[in-house]
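Note that subunit A is present in both complexes that follow, paired respectively with subunit B and with subunit C.
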Partner chain A sequence: MVLRLTMADAKTLRNILTSLSALVDEACIIADEDGLKVKAMDPSHVAMVDFEWSKSAFEEFEVDKPTTIGLNLEETLKLLRRMGDESLELNFDESVGKLEVKLSGRYKRRLTIPTLQLTGEEIPPLKIEFDVAAKITSSCLTRTVADAATVSDILRFKATADKLIMEASGELGEITVELDKTSEALLDLQVKQSCSASYSLTFLEDIVKSASNLAGTVNLEFSTDKPLKLNFEILQGKLVYYIAPYVE
Partner chain B sequence: MSSKIALENPSLEEALEAFKLGVSARRILIIVGECRIDYFGRGHSELDYGDRVVTIKNDGALIIHRPFSLEPVNWQPSGSMYRAYVKNGSLIVEAYRRRPEEKIRVTFRSLLFLASLNLRDYASFKLYTSEEIMKKAFIKRPEIVEKGLRVVSEEKKVRSGLIDCLCVDSNGKIAVVEFKKSRAGVDAVEQLSNYVQELRTRGSEVRGMLVAPSLTREAGDKIKALNLEFKRLSVKKCIKVLESTGETTKISDFTS
Partner chain C sequence: MGLDLANLIAEPKLITELNPSEVDISYKVPSGSLCVLCKGARMLCGKSRCPIIVRLSHYVRTLVKVKGLNLDGSSPPSVFVGRFGYPHVFVGPLTPPVHGDTSMMDTPELWFGKSIDEIAEIRLSLIRGNFRVRVDQPIGSNKLLDEVRDLALSNFSVEVEMFFRKKPGGVFLVDDEVQPFGASAPIESLRIGSLKLDYRLEKVYSDYDLKASDAVLELYKSNIPVSKIQRAFSVGAFGEYRRRRLVPTRWSITAVDSIISNTLMENIRENPIINEYRVYESDYLDNRFEILMVPDAWSYESIEAWYPGTVWNPQGDRVVMYGDYEGFGGRTTYADMGGCYYAARLAVTEKLTIERRQASVLILREAHPGYIMPVGVWQVRENIRNALRKPPLKFNRLEDALEYIFYKLSIPKEVWIRKSKLLKQVLHQRKLTSF
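Up next is the complex of A and B:
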């Protein structure tokens, strides 16, 4: 056995895989003594995900040696589609090349998922100093993104000393969401200097919809004409997305 | 000779001098002043004194604009010949041509401004068809049709015709993309199907996407039957995409 892990709530695993599938159809999961890691860019290289799940997130976690598991996320999610309140045991044997998933709820079931031989892309780190760091509820972000997508392809983020503004405009209308220190949805705002930047709603929609199921709050950081960093606060791990800016 | 002369409130003689030099050097002349206009030729017209802008192009075309309205009040085509002289305290500029015989006489009683300019313009004007507009917008931002699509080639010649755009989707599958500017019918679906069939014989799975503002019901049924896809896109949206000066960047632009 190369990797074996168990967790009480199987749905979290499915939500994580759904979040990753917002960017990529195939994921290269690295399992080592720290836990699980996925670092990937979408095929057009506009967005990136940096995901880590510490072994403390699992009830049991054993790995013989650092292993790479290649998964076709679309196919895997189809198999894991129906998940109720079940606990999960996952086993991976590199020599067999298949992922064995045992689910225990009202009854026990076992799924075998084929894995892929994938070579993970080497993604160099992003070194950016952000001028704005804001913490907002993920429900606020999800609703803003959904509303904005009805009028435009681009969402503009603006920050001044005490306000975070998200706006979008198109033929059908304009949407503006303004958050200040009195807004319930804005939990924190640090602004080094006023700035504004725009990002593709096509990416934001997919990312925010799935990641919001995993975290109630999201830290967003940006600077003028720099990537947007979305850090969804998940338990015992990190789920960070970067989206390249749309530059005028 | 300098490439621009601009005179403010010139005297009639100064203006005459600049005018003669400008016409002989094939310059663009812009004369602004209070004038009356008389036309003789296929008919006869008169326009009493008022402020107007008279433009003479380097090929002899003449356009006279009043301070209002889009259309010029008088004009003469390229190839017109010119005469100018001062008489009775006015500067008279005449533009005439032979076949048909026509003459416009502009009598300036005062001048506000005169410019004699050496202008260069060798660009070719391009008016795009609606389908060219759709293709241009798609190439600029393929996500308006589908996220992750990448254009491999345009106007690809195949046995059954010319494919608008040959692309690769986010899964690496080949996708044939065809644009139609108005409601697409069954023949558009058949054309797409021919392209897809031709590429499918080479082995791999090929997607076919018909991109149009709308589809007839028969076309919709046929698309489903042939396992092809419809993507809604309006020409208006494409024009907006082309108008925006922004650019999507990549994450790799920011990695160290």
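Up next is the complex of A and C:
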């Protein structure tokens, strides 16, 4: 057996895969002695996800040698969407090419999921200096993104020394969300210089919808006309997204 | 409201030619229509020619050939399934009062290049027999329907004799928005000559476990023209046995375009991206198309602009624009724009499939006043297929490609950009790879 892991709550795995599927249809999961890793970019190269899950997040985690698992996320999620309050055991053997999922709740279930031979795209690291770092609740971001999507395709982030503003405008109207130090939703704000940058709501919506299930807070970092970094604080791991700017 | 033919058509020459006293029809005009005032002479609707006169002359010419309560001719084959009253719909064969090989009359793939008059002539010389039936009427339970289904699947034109309950024609609707159609009448019975099914059609027809969408794909892969697949689709010749049903002609066209292009898109997403900006173009029936291919992941947008006086903008005083967009993953909702969106998407995905390439594709269409009446969605499909058959203009810079396109189109660049999601993306959305 090349990889074997167990976890108490099967739904977490489903939520993680859902958050990856916001950007890609297929993912190449790397398993090594540190845990699981996925780095993927959407086909139009506008957004990417950098995900790591430390082995301490699992009850048991055994891997013989670094190995990659290629998954069709959409198909896999069709099967996993039916998971409930169950514990999970996952087995993968490269020579078999199938992922085995054992679920135990009131009774035991076993699923096998076909895997793909994927050649993971080499993704160069991004070197960006951010002028703004803000920590907000993910529920605030979820709400803002959903509201903004009703009027526009683009969400603009602005930061001044003591304020973070998110705004969108379209034919239907305008929406502005202003957070300052008195707002409960804003937990921290560091601004080197005032900035303003816009990002596609199509990506933001998909990302926020799935990732906010995994983390209560999110660290936003951006600079004028530079990418946006969204760091969702998950337990024993990292879930970071980057979105390229929309420059008007 | 009745109207005298001689009164309607002010042009004396046309009246003598048509000899209206030979046919017994009355004319119906929607209330408030400009047509009564205009009588085809003053061009009040803004079109370059009167679509009613174009239609009426062919309508009458065919009608005078129908003597009595029956008609014999050679059906291309052609079948029309109506959508009003669904699931109780009118269905029936279309037959011209001529014999021999008429297959061209129901093969829009062969019509590209014909004038609007020629197309009106083809369509209006088809007389439609109809009867009402439930769409899920099982095979073998209605003789007339079984005959019509067999007819629709024939590989060649079929000799048909239609026996009507009353004389075809009767009322001619004077309305500049109705699609070209010949006279129709309820049928009592049919007599059908020998017919031969295409063996590939017969195979899926007799396969009661094959899904309708898989049947469509199988036929498309064996090079059966889309119009033929669509005709068989509309008479419910495909699908799992219990789920077979009639599909209104209009819906079946879009269903087939959508099923095929969805499948082609799956493969296109895996293809390498094109290397340059490309522009393809075509101009037919006063419909001007400019197609932009952008070297980027698959996405698709189609926008159409209707000039005042054209088919879908008859009373307007300014250009009306509609558009729909889908990203890399495709769409799950029906495009508001309707059938043209899917017909154009089929033509585009065919091209990328043959080339084994991937691109973001934008279709810009201007319908100018010479497009006096709707001829059908095939016009869009064939117009774009025509554009894509020709070598493209290639550009290294987006700006140059856009400059060319907006030089060829009449509507200003800013208006298109405001309307186009894809153009905005291409112009403003940066890539992570550039940081």
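Assume the second predicted complex is superposed on the first by the 248 of 248 C-alpha atoms of A that agree within 3 Å, B and C clash if a C-alpha of one lies under 4 Å from a C-alpha of the other, contacts with A are read in each partner's own complex, and residues count from 1 in each chain.
Assume a residue touches a chain if its C-beta (ideal position, glycine included) is under 8 Å from a C-beta of that chain, and two chains touch if they have at least 3 such contacts.
No experiment lies behind these values; they were computed from the predicted model shown.
Per the definitions stated earlier, placing subunit B and subunit C onto a shared subunit A by superposition produces a clash between them. Residue contacts after overlaying the shared chain place A:Gly84 against neither subunit B nor subunit C. Set against each other, subunit B and subunit C touch different numbers of residues in subunit A, with B touching more.
Once the two complexes are overlaid on the shared chain, A:Pro125 sits against subunit B while remaining clear of subunit C. The superposed model shows subunit C running into subunit B at a single listed stretch; among 114-122, 168-176, 204-212 or 384-392 it is 384-392.
Subunit A residues in contact with subunit B (one complex) as well as with subunit C (other complex) are 25, 41-48, 124, 126-128, 153, 200, 202, 226-227, 242-248.
By the touch rule above, subunit C contacts subunit A in their complex via residues 269, 296-299, 327-329, 421, 424-425, 428-435.
Contact residues of subunit B toward subunit A in the complex are 141, 143-144, 147-148, 150, 170-171, 236-237, 240, 244-256. Interface of subunit A with subunit B (complex): residues 25, 41-48, 123-128, 153-154, 170-171, 198, 200, 202-203, 206, 226-227, 242-248.
Subunit A contributes residues 25, 41-48, 124, 126-128, 153, 200, 202, 225-227, 242-248 to its touches with subunit C in the complex.
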